[in-house]
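For reference, chains read A, B, C and D in written order, and residue numbers begin at 1 within each chain.
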Amino acid sequence: MGSESATHSLGEQYREVRATTSRLREPLSEEDCTVQSMEDASPAKWHLAHTSWFFETFVLEAIDPNYRCFHPEFRVLFNSYYNSVGDQHPRPRRGLLSRPPLHDVLRYREHVDEQMMHLLDPRRNEPLPAGIADVIELGLHHEQQHQELILTDAKHMLSCNPLRPAYHRDLPSTAPAEVKPLRWHWREAGTRWIGHEGSDFSFDNERPRHRVFLDSFEFASRPVVNGEYLAFMEDGGYQRPELWLSDGRATSLDKDWNAPLYWEKRDGVWMVMTLAGLRKLRLDEPVCHVSYFEADAYATWVCARLPNEAEWEVMASEVPEVEGNFIENGLLHPVPTPAGDPESGPAQLFGDVWEWTQSAYGSYPGFSPPEGALGEYNGKFMCSQMVLRGGSCATPRSHIRATYRNFFYPASRWQFSGIRLARDGR
Amino acid sequence: MGSESATHSLGEQYREVRATTSRLREPLSEEDCTVQSMEDASPAKWHLAHTSWFFETFVLEAIDPNYRCFHPEFRVLFNSYYNSVGDQHPRPRRGLLSRPPLHDVLRYREHVDEQMMHLLDPRRNEPLPAGIADVIELGLHHEQQHQELILTDAKHMLSCNPLRPAYHRDLPSTAPAEVKPLRWHWREAGTRWIGHEGSDFSFDNERPRHRVFLDSFEFASRPVVNGEYLAFMEDGGYQRPELWLSDGRATSLDKDWNAPLYWEKRDGVWMVMTLAGLRKLRLDEPVCHVSYFEADAYATWVCARLPNEAEWEVMASEVPEVEGNFIENGLLHPVPTPAGDPESGPAQLFGDVWEWTQSAYGSYPGFSPPEGALGEYNGKFMCSQMVLRGGSCATPRSHIRATYRNFFYPASRWQFSGIRLARDGR
Amino acid sequence: MGSESATHSLGEQYREVRATTSRLREPLSEEDCTVQSMEDASPAKWHLAHTSWFFETFVLEAIDPNYRCFHPEFRVLFNSYYNSVGDQHPRPRRGLLSRPPLHDVLRYREHVDEQMMHLLDPRRNEPLPAGIADVIELGLHHEQQHQELILTDAKHMLSCNPLRPAYHRDLPSTAPAEVKPLRWHWREAGTRWIGHEGSDFSFDNERPRHRVFLDSFEFASRPVVNGEYLAFMEDGGYQRPELWLSDGRATSLDKDWNAPLYWEKRDGVWMVMTLAGLRKLRLDEPVCHVSYFEADAYATWVCARLPNEAEWEVMASEVPEVEGNFIENGLLHPVPTPAGDPESGPAQLFGDVWEWTQSAYGSYPGFSPPEGALGEYNGKFMCSQMVLRGGSCATPRSHIRATYRNFFYPASRWQFSGIRLARDGR
Amino acid sequence: MGSESATHSLGEQYREVRATTSRLREPLSEEDCTVQSMEDASPAKWHLAHTSWFFETFVLEAIDPNYRCFHPEFRVLFNSYYNSVGDQHPRPRRGLLSRPPLHDVLRYREHVDEQMMHLLDPRRNEPLPAGIADVIELGLHHEQQHQELILTDAKHMLSCNPLRPAYHRDLPSTAPAEVKPLRWHWREAGTRWIGHEGSDFSFDNERPRHRVFLDSFEFASRPVVNGEYLAFMEDGGYQRPELWLSDGRATSLDKDWNAPLYWEKRDGVWMVMTLAGLRKLRLDEPVCHVSYFEADAYATWVCARLPNEAEWEVMASEVPEVEGNFIENGLLHPVPTPAGDPESGPAQLFGDVWEWTQSAYGSYPGFSPPEGALGEYNGKFMCSQMVLRGGSCATPRSHIRATYRNFFYPASRWQFSGIRLARDGR
């Protein structure tokens, strides 16, 4: 990564990732960018600032003791959770910040971009300080995570508005599709290697590559679709305690769940909130915005289970290339399973919907987070969350890979999270 | 009110009141207008829409069965608490409405204004339908109440921002003043008339005029000032349970109160958040943004008490004209007591700070709210709140009078609420 | 009070009041005496100990510097709310005290009684120290208040048990009665004296006697009965927001109220929990265990209002003697209005049910609490509570009088609280 | 299990287990048995009834359609969480049940015992119905779990009492011991079998036996002791966010943790609440009553980690016999590590303290819960809890084994939970 050409390419990556963030912001007004609809979500303005704060704090300040920060209060305002950096503006109060105005946040981005592009200028005749290229690469993947959050947080915020406004009224959609019966792909028991190795980028939580023993299992050919999930609902799925985990039952009663997030019945017709506004529910699309609890209850109902993350990774490792319905497609909504050769392996592993696994998020054997503040990036969340795999329609394609581990609390629903089934091998 | 000239004058009043609201909004950006900083407060955008909704609902729709409302969803979105009109968007979720954008809310105001000005056009040769002039007059006083709330809610919202931004950086301020010792004005016992009568406007809760018996009492010559309140604090006022009401003690411990709202100590210096941003605390200004509990504890500390509302009204009735530091002054902050003849009666009864009374807000004998939805305006709040009197630096001068009864919960602090002392007559 | 015969009589009073408390405890097991069913209520064991603590702290310790307390930890455990005495075991944790066992608490009572009886021994040749007789008298009235609370708290606790157990299975009850139509007693406007004066015992909050001006009013001949309240319910009373105070509406929705506390429908029949267990609801009995909010909504529904406390006291002052259904009757339940001369004034002012007034609890003009800890007895609660008058079927007869002011929060329902109507004079 | 001699032996087991429960109750008074000190804990009376309910519901009612239950309301009152059986008295309200009195609960136990002993009578000439012996065995292990809970719940309840009363004042204790330095036992990487198989009793969650791959690891020779944990505290362990999981940090701040549960400093000396009352903290005893979060933070502080449950089980499988400080010892408190051969493997794997593992509680591959209500026993809790291993000083010896999986939420502290360290193999 230290060579001139790599630096050159890092500059181009930087420019592209940052430009994508800006493009995603465009459909959102100053007001849209300010509102925080729940503690889990952040205003778009905060995401725009925080991702710049990341480069300012971990790159610009780190390498230049004389660097003058854009605004001294931003150090606290836009620190997400890095205790090693210092205090943080409380997360539930991110939506109280009418100031700085969006305009100033965009200037902040420009300021950081100028400094960064200067640093990454191929004509600059100095190598980057040791380790800094890695931090920048991490910063770009970090920014891609926030690109997805800008969309999911905006979707949630817009869904809280009785006007059900759209992020973008004119998002394209796909033609209706025939849903093929779900099939099972069998894999035999054995010791497998999972996790990331090599010099390509990965987060620390994907490493080290290590062995796991897997019993034989079967893996579903595609994600569960809305029509199937509706059958679960119509069979009393939400009312039958025997299908639910105990915590799931308590949560669903407490929050009065009776359908996935964003579904609502109007005049007897199921509608669904999308980034293009309220649309009629399509039965052929993968079910989305379900919690782990709902995914697990559905799996129980069909006498199956969710895969564990190693099973998922084994299947995904067989896929030659990461392809799917990603943010670049501009649909920002999951699509029906494309027609294809049913023998060739599970479809839609990547993109469309994040797939809940039954694996609690934890450290791999031999895991060791980096020294310093960036050690807080992933490791300190290794408790009480569940692993999701594969990326979604709101994930940048270059961000995802077979070893990628996303994680959310089992009650979370505002991500594009769906259901992949598995079962014990016969 | 039904005559042509009255209608003419009502039209002018309408134009003026509405224009004032617009002017108060100007220093606030789209983002400022969207944020709701607590359940008690509303975004400025909501105030702008709700006051228009009031005229649309109670005037335009009421008199014209064919009136086409500006937007059908606004009926729910901007209904504050009128159950007789229908459902309401939940109060704590007013800050989730990034849409309609401010621009659309301003168009909504224009739309309502056009229709209203047409109705109030002096060249129109029809009298207003029966009772409608009174509703319009109520609507204008209602809008003046929201003018004050726009300021107090914005102040609270800006105070939640670590940047401590200003509503308007360049508000004028007054010269330092010498604080005269507090003196007492004695009034003898007897039966007194209080409450409003006659055809001039008043709210229903100020009527009917009726007799009360008052024992002899003494009334303070001016409001308590910051310097005096600071002495209370330095004497351990917030730590001494014997000075506090039981509910007040519990509230102050629970909320960790140790100074009035908006006071903060920086580097050993007391600062105070104002609509012009953070300023050094001035000892000569009336203390402000205290709860009933703090006002009562302070009064106990100086071996006095708060006046009841009848005592306050008796004193205010002696004042020939309503004068004081009101919103029109543009200071938007209470000022020191002006020099003047100490014999001539209590100073600053009107304007500067609302004065807590020890009277719980309730109905006057013979009170009867109007029929229909407007009966919900005041009467249903007659429980658990305390009466405040006299208006503040954020009240329009034409809005206040000696009989005016404001009311807030005893723990509320975000209004310009201060302390007037009284004591039993000797 | 200082004379030998008064001391003698005080000793007898002491013995009687204390013995009554013991008798009330008898139907309760160790387990019954330990449970606390909500924060507002206390375990009977705590009441037994606290009333002894009162005499130990304010009499025995006060007069004898060498007094050795029964148990040093009891000073904190059984202090209710006297900050001047010191720390208090947190109120919501009173039900965690399995120890001291009931047996030790009864020994504590005996210990205090011995010391007190020694002090009050008529053969003792020393006068009581100055002021101590008054404190003892206060302590006895204090204990009578806790006698009522032992019953209301036990009733609440037993009602939380799905077995609906009885405090005492064999309480007597009265014969069915014909409910006479409600009539109105008119009183003319004028200045009246209310409040207590003279050397007889009263609480500080009943003093000083002072003048109030009352407009003419009408006062209902008897309390509202269950049959009438049921008609309100059947007319949708709990569902119609226009009948309710705003806070009342919010409370009733939040707590899912649709009938008075302790009413429950079983197989289509209204039942009511009593101290004798679950019984069929009788339509002829005064409605009971309603909040201020329900009382006010009912009054609105019948186009009347609740009386204010001065009106109530004026009516009660006309009654020559305090008579009614009190704790001594042993029914522990309100009874139908006795037949009687309808001209002779309102019935059942005393006993049966406490009557909500529309008066917020506050200080009378000239009120001054005593110095020291006993100043905390009443004064610090003068905020956000409503006055009730007249005593109930759980009040000792000797405890009540026309000037007596009880007070609870408007949402409270676990006292024997009912509805007396009034209306403006015609 | 179906043979006569097995039935005979089952009867003896039944008698013994039930008698142990009764013995554990003896030091507790009626009042002690009634109080519920937090939602997680239950009153002893409830445990006594629930364990009888288990046999009544799953054995007596299951095999005899004419069985007349002891009390029809008990079906709801003492159902813990079996939705398939029906409704449940809400868990947080278990402490409101002053009735049934302890006496009736003991009669309920006798009633069930009579019926059960009749069923298990070796002279009875009928075999048990199919499957019933297994249910009875499950019921006995279930009762042993509640034996431990009776102790831990009572300890918590007594600790909430400022008197710090003892469960049993005269519990024996051990002599001070020298704490040997902690040593590491290395195990090489490889595929291992874990989980239970065979006809001996186990819970469903221990099955099926299956393979896991373990990297090489090192395992601590003994649990962490108080002296070591105190060093962590004195090094600012509770104040240093970098040592804590994110959820752990939030919990510790929210709950104001700064020491293990039951530690309190009095006059500068660390004391600890035990079942024998408050004692001076002993530095040589295993640290106890720590949450997963504290265990994890401590491990981070010493640059180690917690073992995963497979590592733990591998080590425990090497131990020839289950021996340790169990409930039968009657100490009811963890003891210092006994002197012994340091080469012979880790000490105190069984008994003393439950050892937190870094494994989230989930299903083993191929797990399938039994049909019917008993399928709710373990499976529905497989989310958001962490596995603990090895039993404690409050566990019956016959209850524990190497494959036994206990589970609690990571914030739980009221069990006898301690810390075993591990680290990656070198």
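Rule of thumb we're sticking to: a contact is a pair of C-beta atoms (placed from the backbone, for glycine too) under 8 Å apart; a residue touches a chain by one contact, two chains touch by 3 or more.
Keep in mind the model is a prediction, meaning the values are calculated, not measured.
Steps from chain A to chain C, minimised over paths through touching chains, total 2.
Taking each chain's centre as the mean of its C-alpha atoms, chain A lies 47 Å from chain B.
Separating the CA-averaged centres of chain B and chain C is a span of 38 Å.
Rounded to whole angstrom units, the spacing between the C-alpha centres of chain B and chain D is 60. Pairwise, the chains that touch each other are A-B, A-D, B-C, C-D.
Those residues of chain A that touch chain D in the shared complex are 81, 83-84, 189, 191, 210-215, 217, 241-242, 244-249, 292-293, 296, 305, 358-360, 362-363, 365-366, 375-376, 380-384, 410, 424.
For chain B in complex with chain A, the residues that touch the partner chain are 29-35, 37, 73, 76-77, 89, 93, 95-102, 157-158, 160-163, 165.
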